[in-house]
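So, here's a batch of structures to check.
The following pair of complexes shares a single chain, subunit A, combined with subunit B in the former and subunit C in the latter.
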Partner chain A sequence: MKQKTYVSGYFNDDKDLIVAIKKLQEKEVVIADVRTPFPVHGLDTVLKLRRSRLPKAGFVAGSIGLIAGFGFQAWVFTEGWPLNFGGKPFMSIPSFIPVTFEVTVLFAALALVFGFLLGSGLGPGAPTEIFDEEVSNDRFQILLTANATKKESSQQLLKEVGALGVKIHEPKS
Partner chain B sequence: MVIGAILAAIGIIFNLDHSHRIWANVLLNGFFFTAIALGAVFFVVVHVLGESGWHTAIQRIPEAMGQFIPFGGIILLIVALLGMHDIYHWSHTEHLDKILEGKKAYLNPIFFIVRTVVYLVVWTLLMWKLRQLSLASDRSDDLKLFSRSRIWAAIFIVIFAVTSSTSAWDWIMSIDAHWFSTLFGWYIFSGFFVSSVAIIIVLLFVLRRMGYMEQVNDEHLHDLGKYLFGFSIFWAYLWVSQYLLIWYSNIPEETVYFVKRQEDFSIIFFMNVVINFGAPLLMLMSRGSKRRLTWLLVTSVVVFIGHWIDLYVAIMPGVIGEPHFGVLEVGMTLLCLGFFLFIFFRSFAKAPVVPENHPYFKESFEYDNIR
Partner chain C sequence: MYVSPVREPLISGEKSYEKVTRDIYSPMAGQPGKLWYAGLTLAIIALMFGLFSIFVTVWDGIGTWGLNRTIGWGWGITNFVWWVGIGHAGTFISAILLLFRQKWRTSINRSAEAMTIFAVMCAGLFPLIHMGRLPLAFFIFPYPNTRDVWVNFNSPLLWDVFAISTYFLVSLLFWYMGLIPDIGTIRDRLVPGIKKKIYAFLSFGWTGSARHWARHESMSLILAGLAAPLVLSVHTIVSFDFATSVIPGWHTTIFPPYFVSGAIFSGFAMVLTLMIITRKALHLEDYITKNHVESMNKIIITTGSIVGIAYITELFMAWYSGVIYEKFAFWNRAFGPYWWAYWIMMTCNVITPQLFWFKKIRRSLTITFIISIFVNIGMWFERFVIIVTSLHRDFLPSSWSMYKPTWVEVGIYVGTFGLFFTMFFLFIRFFPVIAIAEVKSVLKSSAEKFVKKK
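Moving on, here comes the complex of A and B:
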């Protein structure tokens, strides 16, 4: 993301954004990125993005959590430090259920959160390129890559599909 | 047609078995299908009160299911009037022990019958009123009908909140009259509500096959699947809450209920949890699984059978000592199922398939579940 020059066009409405993307796709223009202030319905489908693998990772992590949570309790209360709780057997499965459930959820949640941050290149200290601060307010942005020679036509393209404003972003170096 | 075929099966078995087993089955199935009908009314009511729009596409299915309440009610009334002595220990008023003596003010035959009648009459009246308003809104553009249905929905839900619990205590919990659980009412409710959702899905499948309901799209299926998934987990949560607390405190007065089930009904008892929790949890976890009608159908059938088993575990140990399962159970279930379906299709045919005049009807086809 750091080396290339980008051309961005912004819109004020998510419906205009989708229309513009479709027009660009008709012209077979490769879209580098789309930035929106909130999740836009239908954006994933129109950009034909592949389904995230995050849920599968979450399931696997949750299953590990299930075994880990239950197994740990089973070890602690039979081998590690068995204690007599009201005469219950040491391996008392019903009493292990709440903690097992919580550990399952914990592992799944942590995997999902960190998986998300890693997968999308975000998180504390991650390098980000902010092209237009208004995207976090009320603007929807399409980014196109621009080689030095193609700069003009990218700008024109974006204006043609209805962008309200176009900017060129040179790399920081 | 369906009933006729099954009646024959029943006729054969009836002669051979002990009367309390027969009555227990009548109670089980009578309650199950009445509760499913009631859960269907609750489904519509909840969506009306929540100002939801998507449910209008499928609204006529639960509405027609609700029409079974008076008919199932008659079955339950027959159980109350004729089968009481076979099922409920407290009905033998001549020799009550100290505990049953203490509960006599509530658990006595006359009050029991009065309560049964009140539940059924009130539920039927409310169901009729809501149905009336829904059908009237087809023929008129008067939005006052819509606001009146909200008012009646609110009345229904308050009455339902109380009577769903008290009816569960009366008809099911009082079988084990020496025991009680404060969670029981909602535990039974969660079981029959998820069964209602399962039956809505099954009926949707059947109606699709018949050529109706083509407008119902994947988004509606997704939402129904979410309900099936979520409320199965809710049921499991209540099951665990009830079980864990009784297990932990280990008070004999309370544990007697589960000891009976874990020792004499052990396989069915644990199967109950696996089928009603494990199966829907794993089968409906992925997004795609909730959008495929055939998979939803399979899961719904599993859930339906599972909650029948749940009621079996709740009712049978108190009435008959050991698990018996045979032609009587199958036959009685099919009979009541056939009766339910007969009433459903008759009621469904009496109304337009979709409430096109409903103010939120268009909205039902313009939403999607985010990817």
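Moving on, here comes the complex of A and C:
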């Protein structure tokens, strides 16, 4: 992972955070990341985050599950291993529904979870940079990327919008 | 959001975000108490006894059970259905209540979901043991094999395999994805060391980034949307095990909705039984308040009444159908040799929960605790009544028989309690029992007094 220099500042309240982000955006400052202890309502629209593609991934995977689940049962009972149950039809659609449903749900759920993990770069033991351990407690943090020349100005910017504990985080070599 | 003055807060006391973290983390910090060790030891002993009983069953054969030719399903399947039912409350709370935007779920969803997972583990054991040859249990899955045969997709028992394994996996993923941010919180509270490294590994590298939260929210919502019909399908399919057969007393179309509401009914009772103790033991009275208990009691009375109506409908249909076998089956349930089981079921499921119509009783922890245990017992007897009393009077009177469990069957049941509580004790020790991030997100609108940090 390529490490960058960051400048961070935090807020004690989610409302202050949103106000500060809006102020920074007016000055056309690029915000590298915002970290919060819980999902802050409306933060994604303020940051203009791209809408997650997870719903689509879930739908596609669910559809594959539906077709695979139903298709497989249909194949088994007509071609693979047809069993005669008292002369009932081999292709008995109603009795394929429960398994089809379960496979659909399973595929969609797996796609959602793995899509979330892969998309976010999360996973067992994934490397991570935590600049302030209080972020997972009660601090709402804004991170700005900064190269050597911009460090001071970024610090100044964060202080201007009311950020507390403004700090520079140099990459660990 | 506007909070009307008559509505009581969901979280009592003066709370700041920091206080929430501290309150929920504190039971995990420091050394566990004597009670925890005592409880865990007891649970492990029960688990060992269960494993021994399973060993006896597999080693000596099914003859060690009290089953006979007429009564082929006894305690094993009763316990299976009972445990699966208990699991349903967790998914109901975390998925269906999430879709309905019920904020009170945030205090109880984590532990209820954990119960779901442990209960389904206990449930899954019984069909496996029942099949006899445990090492060959993988035969139930369709996989390409040298015998060139496939499983029977027409059988409700196979639908069960798919339903229960999907349910277990999806619940586990849903639960763990919800845990990731909170494990991150725990990781950041620990001093550097081996413990911190383990939590860092388990936290999947969570940082609390806005991008991750946005995806997390989107995933949780759709997973809830998937889990909601899934949970309804699971007990529906369990009921198909009975309903698609031709045994009088089993062959009824009312079974799916009746089983699903029964499952939620018994699940909430188990959540109450455990949470009333847990909130006291872990000092979480501010988070799991009387309002939570009251809300759960309202669900109990709703689902309990549905179950009661189902019982009466069954009786009516047996009489109205004019089928002598049906009529006999239900007459025999109530007044036959197993009359006591039927009346225990009726009392515990239909009569005592009706006390929750009184607000005083709904809000009384002691009475709720007692009634919740009654419901647990009643719902166990419901499955016993359906299975054993329907089977013991066969079409041929010469096959009529009675059933009594042996110590081996009782031992396996005790063992599943051991498994459940071993997992539960480990859970409350090593994971946050309340969803920290979710409680914080409703804190401003739902706390009695929100304290802003200066």
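We take it that the second predicted complex is superposed on the first by the 163 of 173 C-alpha atoms of A that agree within 3 Å, B and C clash if a C-alpha of one lies under 4 Å from a C-alpha of the other, contacts with A are read in each partner's own complex, and residues count from 1 in each chain.
The criterion applied here is as follows: a residue touches a chain if its C-beta (ideal position, glycine included) is under 8 Å from a C-beta of that chain, and two chains touch if they have at least 3 such contacts.
Note that the structure is a prediction, hence the values are computed from the model and not measured.
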| item | value |
| --- | --- |
| Which superposed partner A:Ser95 touches (first subunit B, second subunit C, both, neither) | both |
| Which superposed partner A:Pro55 touches (first subunit B, second subunit C, both, neither) | both |
| Touching partner for A:Gly86 - first (subunit B), second (subunit C), both, neither | first |
| Comparison of subunit B and subunit C by subunit A residues contacted | C |
| Touching partner for A:Leu66 - first (subunit B), second (subunit C), both, neither | neither |
| Contacts of A:Val166 with subunit B and subunit C, given as first, second, both or neither | neither |
| First (subunit B), second (subunit C), both or neither touched by A:Val19 | neither |
| Subunit A positions touched by subunit B in one structure and by subunit C in the second | 39, 41, 44, 55, 95, 98 |
| List of subunit B residues in touch with subunit A within their complex | 240, 243-244, 247-248, 250, 285-287, 368, 370-371 |
| In the complex with subunit A, residue positions of subunit C that touch it | 16-18, 21, 142, 148-150, 152-154, 156, 158-159, 162-163, 166, 169-170, 173-174, 177, 180-181, 184-185, 187-189, 200-219, 222-223, 226-227, 229-230, 233, 237, 240, 437-438, 440-441, 452-454 |
| Subunit A residues within the subunit C interface of the complex | 12-13, 33-41, 43-44, 47, 49, 52, 54-55, 58, 72-73, 76-77, 80-81, 83, 85, 92, 95-96, 98-99, 101-103, 105-106, 108-110, 112-113, 115-117, 119-130, 133-138, 141 |
| Sites on subunit A touched by subunit B in the complex | 39, 41-42, 44-45, 51, 55, 59, 86-88, 94-95, 97-98 |
